[in-house]
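Chain IDs A, B, C, D, E and F follow the sequence of writing; residue 1 opens each chain.
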Amino acid sequence: MFFHRQEMQHKATPDAPDAVYARKLQEVLGGQYGEISVAMQYSFQAWNMHIPGKYRDLVYGIAAEEFGHVEMLAIMIAQLLEKAPLGITDEAVQSDPTVAAVIGGTDIQHGIVAGAGARPVDSMGNPWQGSYITASGNLLADFTANANAEMQGRLQVARLYHMTDDSGVRDLLKFLLARDTMHQNQWTRAAAELQEEGLELLPVPSNFPIKKEDRDVSYEYINFSDGEHAKEGSWASGPTPDGKGEFTYLDGPQSTVPMPPPTHPDSRFYGTTELPNRVEKIAGAVQDTLHKE
Amino acid sequence: MFFHRQEMQHKATPDAPDAVYARKLQEVLGGQYGEISVAMQYSFQAWNMHIPGKYRDLVYGIAAEEFGHVEMLAIMIAQLLEKAPLGITDEAVQSDPTVAAVIGGTDIQHGIVAGAGARPVDSMGNPWQGSYITASGNLLADFTANANAEMQGRLQVARLYHMTDDSGVRDLLKFLLARDTMHQNQWTRAAAELQEEGLELLPVPSNFPIKKEDRDVSYEYINFSDGEHAKEGSWASGPTPDGKGEFTYLDGPQSTVPMPPPTHPDSRFYGTTELPNRVEKIAGAVQDTLHKE
Amino acid sequence: MFFHRQEMQHKATPDAPDAVYARKLQEVLGGQYGEISVAMQYSFQAWNMHIPGKYRDLVYGIAAEEFGHVEMLAIMIAQLLEKAPLGITDEAVQSDPTVAAVIGGTDIQHGIVAGAGARPVDSMGNPWQGSYITASGNLLADFTANANAEMQGRLQVARLYHMTDDSGVRDLLKFLLARDTMHQNQWTRAAAELQEEGLELLPVPSNFPIKKEDRDVSYEYINFSDGEHAKEGSWASGPTPDGKGEFTYLDGPQSTVPMPPPTHPDSRFYGTTELPNRVEKIAGAVQDTLHKE
Amino acid sequence: MFFHRQEMQHKATPDAPDAVYARKLQEVLGGQYGEISVAMQYSFQAWNMHIPGKYRDLVYGIAAEEFGHVEMLAIMIAQLLEKAPLGITDEAVQSDPTVAAVIGGTDIQHGIVAGAGARPVDSMGNPWQGSYITASGNLLADFTANANAEMQGRLQVARLYHMTDDSGVRDLLKFLLARDTMHQNQWTRAAAELQEEGLELLPVPSNFPIKKEDRDVSYEYINFSDGEHAKEGSWASGPTPDGKGEFTYLDGPQSTVPMPPPTHPDSRFYGTTELPNRVEKIAGAVQDTLHKE
Amino acid sequence: MFFHRQEMQHKATPDAPDAVYARKLQEVLGGQYGEISVAMQYSFQAWNMHIPGKYRDLVYGIAAEEFGHVEMLAIMIAQLLEKAPLGITDEAVQSDPTVAAVIGGTDIQHGIVAGAGARPVDSMGNPWQGSYITASGNLLADFTANANAEMQGRLQVARLYHMTDDSGVRDLLKFLLARDTMHQNQWTRAAAELQEEGLELLPVPSNFPIKKEDRDVSYEYINFSDGEHAKEGSWASGPTPDGKGEFTYLDGPQSTVPMPPPTHPDSRFYGTTELPNRVEKIAGAVQDTLHKE
Amino acid sequence: MFFHRQEMQHKATPDAPDAVYARKLQEVLGGQYGEISVAMQYSFQAWNMHIPGKYRDLVYGIAAEEFGHVEMLAIMIAQLLEKAPLGITDEAVQSDPTVAAVIGGTDIQHGIVAGAGARPVDSMGNPWQGSYITASGNLLADFTANANAEMQGRLQVARLYHMTDDSGVRDLLKFLLARDTMHQNQWTRAAAELQEEGLELLPVPSNFPIKKEDRDVSYEYINFSDGEHAKEGSWASGPTPDGKGEFTYLDGPQSTVPMPPPTHPDSRFYGTTELPNRVEKIAGAVQDTLHKE
């Protein structure tokens, strides 16, 4: 159950209107790694979790914070759009190339569709979608997904920081950067704790019976490109992070198998086949026509 | 530049047809964490990388292998479909509920669209899409994304392993499980090596100027749910993984700010506003009508 | 700012597992008119609203409730999946056509992707997307959108009610039906109140200058099909709901204009044009080759 | 059956080329509430309708008109693009910032993909999609959806009106504004007529057995935010529009239930669970390995 | 301008209900190569065409027919669904595995969303989308696209023919097969006529200045796989269809170029770079912090 | 199996940065007819093919080349972005309208998401998707799809050629134009060879029993628009390309059938029906309430 309070965790007011920047901010609201994504990802992880206690409380605890971040960004975007030119005709403005340039870089739907409001889309106007999120039920996999989401998110906010001089916007971004620092640390720690407690280990899923895996190739680096330097990495020799093997390096696959012959599905799918087969196929079709029609 | 060889890394021939299972296998071919995703993700990471040498050779080296995995799964799927019932009418079959049940669980487009062939879609028929992949230019973020992709991928293959008894299919899955074991280990190691070499550190991006972040909240766990157990985790107290702070625990936000007042965009967006404002708006519209029309 | 409480508005526990029904319930969780849609729609309407007070408090007040409904459905779905067959091989089961039939009707990704958990998708597996929602800034338009969303939503829940005998599921649906009854009444009332207060009137947007509209055709029913009965409706004669006109009925358009001639864009777009033009085009290309190359 | 006539309901010729405006017009051609949406929505409502006579003739009669509106907009867009700069290199132009600015704001695919032609997309380039439309078979719900579509559509056309000074474009928009005025009035009237005739009533669906609904909460406004003003609305007290109840106001939920315990699906989904359970799981896996392999 | 007549080109009434087949028919209504696609494709080609006369009349003439085909399929689907089991609970039915199997293979949204009506989706439930269509302004390219669309369409209808015994359905399919025969012949002929009249030739676009192309590789078959048989085809030797060259066969690329060095974008994008560069980057960031903050 | 070599078929280095052009190039990398589409289309055709030998070797041979073209474009795009302004704040730049204009026309995600790298999207930012490709198993249909893809692709590259003066970019485009010339010729020839060898003929699928088609309408041009000139084409009279008939011309359909009556699905879908029926429906609901509740 969620409760809303008409306050915010942090101030979200720009110094000045900037519709082009409003469009850019949409990326961290409604993009692949925007706040909607993390809010929904942590929520679904909570609802799908099989274990009560600290891990479940953790995802519940952060999910609600992230919905609040969606809100702060939406409110910031609406204010950035409030007095900005969004294409309403005005002769003085039309002849000013700087203004025309600005309008060219805006999200057209901010004006026409939302009336100068925020939208559930990314910076190129793609609607947010459910396929951005990950909630598998396996916590080591999912916390790694979360760590990645916070890394990509903080990276995008850092880039956005350098794309504006507005101190009000930067003030909010500083806050979001700090929360992303926290969340990166948090998911990294939680993933480590899962392993320390033996709940999940590498490789994920760690309790899949090891005998059912083709162990011969479990620790081989097989190089399918012609770069020579990959063998210098610690992923090409030495112990493996899962503690169960040693990396080896192979320059390409050592053995291969021939492809199976092409398939020959039912002739009534009308795929193209060799002529002999085709003769039969036509004969069959004729029969078919004579008898079944 | 890519070269194709008409051989495979591993045998990919089922014991028997199984159209329902063919549909399930589509998940790891064309789903969010399927082989197309990792092949394209590693390729774009290689093309966007700013640093020559072992890390770039690594992503190039694995990307091409993954395209070969797409191929093995496509060929397996075509064979699973080859002799399987896909809805072609046959009275004997129609009255058999087991056959009808099987057909009900197939990917309809396997028959109608692909003529008993593989498709670039997931197990629910959603087309593969570019928004599944991640290639940010920041290697610690991207290798974490890669580790997650291999974890989710191996998890899905493990689940698929238990959904068939076909020894030919299981033989291929055993191989894929092992390669995913390798790739999880590899990306985990590569992410560690980046940090050991000081190329990237936590938090990502690590060379964003720390003074530009709101450090007060960089290590605070702020609980927005009412679960009490999140404070027991090592993400709520003790040193942070980035080595720069100490986690603290807060039961909810300690300070908040009021929301800014609602925005009042140009009246020609026709958003609903208070009455006084509305009177002006109508007056303006009247003026507008009288003078501009 | 959102706060989460680990309780629910209503009980959400099924009597028995039912994976096929779990898939059906996804429609009202993650479909076009599911709970994610209304939660996000009301939230964006709140963030984009230009007027403080009762209308804004209204959308804030309901938005948070709807996020809680998403949660109840997700938790119900996870429980419906908990002990249900999802394709894990078991000889006894495989030979039972009823079980095979059931599995054929499940959401394949419930098992393979979510490990028997809920997903942000509809009943056919399409991911939820931002383009489902409406938040224009004009409240009469948006409250009409909301009334429609609650109508379509309640209709779907009513249909789902008849698709199960599970008393636990039905108990939750009874609650959701009642809340949808409330919300239909509420948005209908709110739309009426907007008009009673003169904030917005028909047609939306009501303060667009009437002289800028082609009033001749503002109240004409123009019949472009050959059904004769549309003229019997009160939309073909009598006063119009906006109080400003009288409906009239026309059997097809009364006047038409010829199409403008086809366009002739720059020849370097290589569209196909008439031959004379084409001769010039080739001549130009030759010149172009001689001089610019 | 549809017949096409190479004439138009209204003139659709701009005074001058304007590629940026052409892009904006795409919103009302191929956007969520564009003309393709209403043409397809009314068509599917006609095809799915269960009742002959005036209501079915109504949706058939308007659907065909709307396809003609798609056509007018497409033809207008092609003409706006005809002589406009779309990126073809020309030194004089390249150094002119106004021209560069204009090109920056165009739909890139208008030139590269369509050769200066219209496209089935919205103003941000998102392709039109079937999930924009609504055709449920319940006419009160669907006519409310139609009223909303015409409201959102007219609102967008009104905004577009203020984004151009081109008298040819405005002439077409005046016509579309008037038709949207008609269609808003028409669907409002048709929805009222359905209720006057007793075919459908509030709440939709009105003949769902009232005893199967949890009537205790059917008319309660439950406030999940902390705004105090929602209680002032006529949706918080007084009679309900469906004529069957009285609104009441609650400040938050009055009773709640605890969440059910987390689920424990089959261990072969490899979700993370508590340790004791995990021990069993590993034991099981070992057994599994010994006996089944 | 489009006019609708409440008649059909051909009878569209099934002998018996069949909800599973209704779902399959959705493919040729709302799939990639369904009737919505060709109706919209031909319409946009007409609206974007630069040449009046027979070619434009041709696309206009067929486009409207195709909208009528959409209608026939929608009406057929609604009838197939009319009395078919769609999941409404009925004890007798629930225990019958055949019925359960049938329900498992239906489009869930046919019942829950459309109330036993047709939908603008394909057989796997993916909504129709604007990106299925092609209208480039170049008629040889577009008529080739049209020929392909009719080929894929007829192929799918032929497959669907074998998936039912219903004589009413087959009667409609026979009609559609014949119209697809016509349309394949028609587009093939129209593409030939364009070339006979010299309006467009191979390669498309034929009036692009030949000197601006790298003619050395214009007719080389370059084999990037290791199959030996491609050289046996008439695409590997002999005259080329465009009449301007001779095919040659190369076993792989004859010359290649080294990759350019990796890029080094602005350090404020925080991509990972080599250490020396990184030192500068950090130094820069420090400066940045000292001076700009 | 695919192998990667860190070389390219052709040089891909621009003279100068140009972020706007980088965005435009995305169309032929990740658009509907971009290089990802042909690479994947030919690959799936190979994997689904039923016939060994020259045709299969052909699609394998070209598929791998096309993946190399994806790479060349990605590397070109990264270099075009390398030193180009992408929105990083710099006062000198901000006040320059030309620079602002340029930034307005860029792909925002090139900077924020990819850190000045290429993306798997088209020029309007739509992610590449699996539904762009065609692989039906019928080679005449698929080779026609391939010919179309190469035509649309070369057309787009030709347009892009005129949108830049950069000699490095043009050098790559000249190469791609030539390869598209080859591939158009090749697929045209391969389609002809299929027919010469009698493997597939017109109409596709050619071995569908002719008696199962409604031959009366197989060669009729039926004009559903009012243009008079379509009858002048060789598709309206004379022999048909499939060699089996004569085209005829009809001005509209010669016979039509009435629509079937509207459907009446189960009342528990709550679609709107006539009143008599409705009375029964309500009666039924009452019964239902009394007895089943």
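Definition applied: a residue touches a chain if its C-beta (ideal position, glycine included) is under 8 Å from a C-beta of that chain, and two chains touch if they have at least 3 such contacts.
Heads up on the chains, UniProt names are A, B, C, D, E, F = Manganese catalase family protein.
Treat the numbers as computed from the prediction; the structure is a model and nothing was measured.
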{"item": "Co-neighbours of subunit F and subunit D - touch as defined", "value": "A, B, C, E"}
{"item": "Of C-D and A-E, pair with higher C-beta contact tally", "value": "C-D"}
{"item": "Selected from A-C, B-F or A-D, interface repeating D-F by over half of its contact pairs", "value": "A-D"}
{"item": "Separation of subunit A from subunit B, taking each centre as the mean of its C-alpha atoms, in whole Å", "value": "6"}
{"item": "Mean-CA-position distance for subunit C and subunit B (Å)", "value": "25"}
{"item": "Residues of subunit F whose C-beta touches two or more other chains", "value": "1-9, 32, 48, 55-56, 60-61, 63-65, 68, 75, 78, 88, 97, 100-101, 103-105, 111, 113, 115-117, 121, 124-127, 129, 131, 136-138, 140, 155, 158-159, 162, 204-205, 208, 212, 224-225, 227, 253, 256, 263-265, 268-271"}
{"item": "Overall pattern in which the protein chains touch one another (line/ring/star/complete/other)", "value": "complete"}
{"item": "Complex contacts: residues of subunit A adjacent to subunit E", "value": "155, 158-159, 162, 268-270"}
{"item": "For the subunit D and subunit F complex, residues of the former touching the latter", "value": "1-6, 48-52, 55-56, 87-89, 91, 94, 97, 100-101, 103-105, 107-109, 111-113, 115, 121, 124-127, 136-140, 194, 197-200, 204-205, 207-212"}
{"item": "Subunit E partner contacts - residues on subunit C that touch it in the complex", "value": "20, 23-24, 27, 31-32, 97-98, 100-105, 122-126, 155-156, 159-160, 162-165, 224-227, 252-253, 256, 261-265, 267, 269-275, 278, 281-282, 285-286, 288-289, 293"}
{"item": "Subunit D residues within the subunit C interface of the complex", "value": "5-13, 32, 53-58, 60-65, 68, 75, 78-79, 81-83, 86, 88, 111, 115-117, 126, 129, 131-132, 134, 136, 138, 140-141, 144-145, 147-148, 151-152, 154-155, 158, 161, 170, 174-175, 177-182, 184-186, 188-190, 192-193, 202-205, 208, 212-225, 227-235, 240-242, 245, 247, 253, 256-260, 263-266, 268-271"}
{"item": "Of all residues in subunit C, those that touch subunit A in their complex", "value": "1-9, 30, 40, 43-44, 47-48, 60-61, 63-65, 67-68, 70-71, 74-75, 78, 113-121, 127-131, 133, 135-138"}
